[in-house]
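We just call them A, B, C and D in the order they show up, numbering each chain from 1.
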Amino acid sequence: MIYFTSDYTEGAHERILARLTETNLVQSTGYGEDEFCEEARKLIQKACEAPEAAVHFLVGGTQTNTTVISSALRAHQGVISAECGHISVHETGAIEATGHKVLTLPSKDGKITAEQVRSLCEAHINDDSFEHTVQPKMVYISNPTEYGMIYQKDELMKLKEVCREYGLYLFMDGARLGYGLTAPDNTLTLSDVARFCDVFYIGGTKCGALFGEAVVITNPELQKDFRYVIKQKGGMLAKGRLLGIQFAELFKDGLYFEICRHANELAMELKKGFCEKGWELYVDSSTNQQFPIVSNELLAKISEKYAVSYTAACGPEKSIVRFCTSWATKENYVREFLDDLKNW
Amino acid sequence: MIYFTSDYTEGAHERILARLTETNLVQSTGYGEDEFCEEARKLIQKACEAPEAAVHFLVGGTQTNTTVISSALRAHQGVISAECGHISVHETGAIEATGHKVLTLPSKDGKITAEQVRSLCEAHINDDSFEHTVQPKMVYISNPTEYGMIYQKDELMKLKEVCREYGLYLFMDGARLGYGLTAPDNTLTLSDVARFCDVFYIGGTKCGALFGEAVVITNPELQKDFRYVIKQKGGMLAKGRLLGIQFAELFKDGLYFEICRHANELAMELKKGFCEKGWELYVDSSTNQQFPIVSNELLAKISEKYAVSYTAACGPEKSIVRFCTSWATKENYVREFLDDLKNW
Amino acid sequence: MIYFTSDYTEGAHERILARLTETNLVQSTGYGEDEFCEEARKLIQKACEAPEAAVHFLVGGTQTNTTVISSALRAHQGVISAECGHISVHETGAIEATGHKVLTLPSKDGKITAEQVRSLCEAHINDDSFEHTVQPKMVYISNPTEYGMIYQKDELMKLKEVCREYGLYLFMDGARLGYGLTAPDNTLTLSDVARFCDVFYIGGTKCGALFGEAVVITNPELQKDFRYVIKQKGGMLAKGRLLGIQFAELFKDGLYFEICRHANELAMELKKGFCEKGWELYVDSSTNQQFPIVSNELLAKISEKYAVSYTAACGPEKSIVRFCTSWATKENYVREFLDDLKNW
Amino acid sequence: MIYFTSDYTEGAHERILARLTETNLVQSTGYGEDEFCEEARKLIQKACEAPEAAVHFLVGGTQTNTTVISSALRAHQGVISAECGHISVHETGAIEATGHKVLTLPSKDGKITAEQVRSLCEAHINDDSFEHTVQPKMVYISNPTEYGMIYQKDELMKLKEVCREYGLYLFMDGARLGYGLTAPDNTLTLSDVARFCDVFYIGGTKCGALFGEAVVITNPELQKDFRYVIKQKGGMLAKGRLLGIQFAELFKDGLYFEICRHANELAMELKKGFCEKGWELYVDSSTNQQFPIVSNELLAKISEKYAVSYTAACGPEKSIVRFCTSWATKENYVREFLDDLKNW
């Protein structure tokens, strides 16, 4: 069985494992205050061209979203998200569990627009009983989205503008940021992201690390006391060095981007294969997640040899299916699949 | 500088790293539903003599405490803990952040007694306005405690009895359970723990793993829907296999206990040295954490070469200090210290 | 200016004020354990034909919804509601503030169907990663809805059935229950409501009392420890007698229903007037809230003399407007309006 | 049976009832935005000599404490209180239910000192792992305390100073403020309270109103968006006018203080009687709550005719008992009791 189910089906890039082994017996202080974290922090600040940014390392995505959002909002404030945003559907109500409503906007591909945000804010402001409704205070976007779609520079800039206008924080969930920034049609740099977002994170778990997300906070308002909230939400790893070591390795010489580019390239080959075969795509993704629509019959056949993720029904006879590549996807996995595809 | 600050100053036992490396490219499903977790689960059920117990793997202690407690309690219920219990002081209010009060009992060494629990429950029941106060519903104990002290079999049995009588769940924080169960004066087995507690966890982070805590739930009431709460509280590791691989290695042939026994033995040597030197001990711990009381002057001298943890002031001129050993503490660290000690 | 804005623009029915005055100097215990509350409790149990039901008195609606929902749900569970349900939009995220997600279903008129609930539950159960999503555990309906619409007996019965099938609690927000039960086309009795719902409340604030909501809990599972949660959520009135006195008066000889019938009758006159004038109605409500769609120009004219509630825009040039009657609406208010209406 | 159990055993002062009746049919907008609330707001601002203060009306004390505290604190922050403070013991964990820890200081009589607050803050700041503990951000005091004791001007000033120094908000629970400000030995004015506290409330429920607490927020930081939080926490009364009418009446011509002075005077007579009889007092209260220590045998005898509140055991054979007077306590209640007392 070959897995295309997700970008976390293997362990970590070999350089990361090697570095963990090499440093294993070095003694260090805990909780992210060690020299490895310090090194990783500097590398990330540099890559973001944001020397003043606060950089923190957490273990996973849900934890990171919860920590960032609950640290930023007051009791009566909520966070705007696409209806299909990860915080809205796939975190078992983690945000609500910290007391905050997720204010949703319709979206097919996971992206939301500045115009949608503006409308929501205007509706709030103009509501006679606005104090009876949750106050929007943050915009959450994922880049790439849960459907592999990316924000272009002008789109992010417009989101930033509308956020500034209405006093909202802009927060980017970058669980797969590497795949976004190395997509063939991408126009954003890491430095743009740092400039336009108040806070974002650089995903490690899905981009070659064993685990780990690097939160970058550029807005000083949001920097204050952040470590308290990490601890409270259970995200402060005792052996914080493990996060520092991994992110230092990923950012030392561009490994992070190299890994993600590799995954995107293989995903583009899959996509090409799908299209040549005449499969419809749910969205036109240029990153490592691809969403062909296939008949349920065909899905059964595929599943005999390849593990893929069922995403949603598409009418009674078809399904939207996710194919995911990663740093660990071997070229021959893709080639084998493409060969089989021809015969289906 | 030699670190005696904590039991998480190094990475992981070499066998764990080796196994992670060896399995690195095996593809698996995520979120703890892989074959490695399944193997570890079985090994732990067997070690606990509890084939029906639910076993879940989480990343860290605060997260685990929060998940267990918030999964078990209704809105108006609280958890009883020693005043110096980890959930009461050192988790930045994580339990309160999920809505529950920590009801504290005085304790010098971190242990609480069945009699204390009974008194608190009786006071609640007999309060005219009992509905105006938090209802006690769970007892949290740590074994060993934050001061290295252990519960003996009869003490745990009595706690279980009082819990049964008042309808309380008994929850043991076993972040350092291995050190407790291998202490020279210990009378508890892992199977006793499973029998007397409704839920407990076997600490990995502080006992040789890179990270990880194995929650064992024996009370079926508490087993229901636990994975939802893990996910909500941010504790469901995407690459759950990393936890399975580590715990399988630790429990395959008794490595877990071997590691902890080693740390305890070195701690006993330190303790012997302290006593021979005439140092007072804050408590009489038989596990890997030792708490001598030293003059601040002496502490400064020690700190030139050895990193230790300052715990609390003991009057204006003395401090309670923690020395911690672990699987990674080398015998020559201890020998070197004991040599120096003679000359102070 | 004549107010048709809401059903809480005046104080209370005169009999209530008289009874409060009459009993003012009687001494009683606090927090709802007095003789007046006991009397009211018995009257309500009798009216519901539910002698075993627990009856509690709270001050207001948001508080009541929060208390009921937070008392019933575990951390990972959510409550299903119409998108326009009061808990979903008009309580400043009160439900989320207690940690629970509101799972919404589309609805134009505020009603939801058994079929919608079934679909949502099936989707949850069949989701591969169901533990990553909030577990539905309660259905919230308002009767009448925020748009004045009522549930008929067969509709409520079907909701009950689907709830039983999927293990959900059925909770009816009866802030305006009296108007529903006395609507001309209503087929439900209070006893039906008690039989089909696990918990519901009988609204006082909007039905002639100064304030107050009587929660009726028929499901024993939900009865346990409810007073603790009332206290925690700030809903336990010190002078609980005030609630007992009011509800006893309302239920002594059918005053509650008499009051509400009066309001409905006047609302029907308004509705008839709207229709004769050719105004479109947003929904076909048979209760005290009426929602005509009028041009913004006309709305401005109306507003010179009559206060009404703007509800929503209906295209660029029209608005959906709420007219509300109550126990206190005088017949001549309505007659005056209908006279004016003819001339617009 | 004569009740000395509490200051909320009767309805409301007759002038309040009369005013409610008189205004009953006036139509007004809801949620505290009516003319009566506006009038009351102005009267209170004037009485506080704080024309810029925000004044909000809520229904009860627990609700008010919860709303104020949860509005002011970020996720990782806690509120300092006396161990026996109302928020610490008698609100069923309402503060924790909004996510915040109550950080307690020992106190016999319910008062805490600036020095205690300083020590707690210093301990937090100097803790090596301060981010692992809850950050103190607010000081909660009750005046009078739960044991009837009052803060003098210099004490409050010192508390304010220490709060300013450590960046804490000072919050006074004034559920019985009227009794404090009219105590024979009081040195504080309402204007002092407004000057020294960032936020406080003027209790109505226990001081002659049917219900109601007037929150006064002088610190602009805490004023922002407060109404959202009132609504979320269930404290926004639909018929807000009821609160406005009551507080306007209480503050129109000093009725509030007159009522409370009356209660204090009767309490002083009781106290004198206790002392003459040789009863020990738990604390030396100068307000409407008195705490004699009596033998359990005597308590049984008292209870045949007088309802009093059992507060706590005082050894195996004695009890601390609360006698409470109010606006409604008749002089002959006290006289009758004092006559009986002589014969016991």
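One rule holds in what follows: a contact is a pair of C-beta atoms (placed from the backbone, for glycine too) under 8 Å apart; a residue touches a chain by one contact, two chains touch by 3 or more.
From a predicted model like this one, the values you see are computed outputs, not experimental measurements.
Steps from chain B to chain D, minimised over paths through touching chains, total 1. Taking the mean of C-alpha positions as each chain's centre, the chain lying farthest from the centre of chain C is B.
Look at where the CA atoms of chain A average out and do the same for chain B: the two points lie 33 Å apart. Chain geometry summary: the mean Cα position of chain A and that of chain D are 49 Å apart. Chain centres here are Cα averages; for chain A and chain C they lie 42 Å apart.
Across the assembly, chain A contributes residues 75-76, 91-93, 97-99, 129, 131-132, 228-229, 231-232, 236 that each touch 2 or more other chains.
Partner chain C is touched in their complex by these residues of chain B: 31, 70-71, 74-76, 98-99, 129, 131-132, 135, 225, 227-229, 231-232, 236.
Residues 1-3, 5-6, 8-12, 14, 17, 20-21, 23-30, 59-64, 66-67, 91-94, 97-98, 205-206, 210-211, 228-229, 231-239, 241-242, 307, 328 of chain C are the ones touching chain D in the complex. Interface residues of chain C facing chain A in the complex, by the touch rule stated above, are 75-76, 78, 89-93, 96-102, 128-129, 131-134, 309-310.
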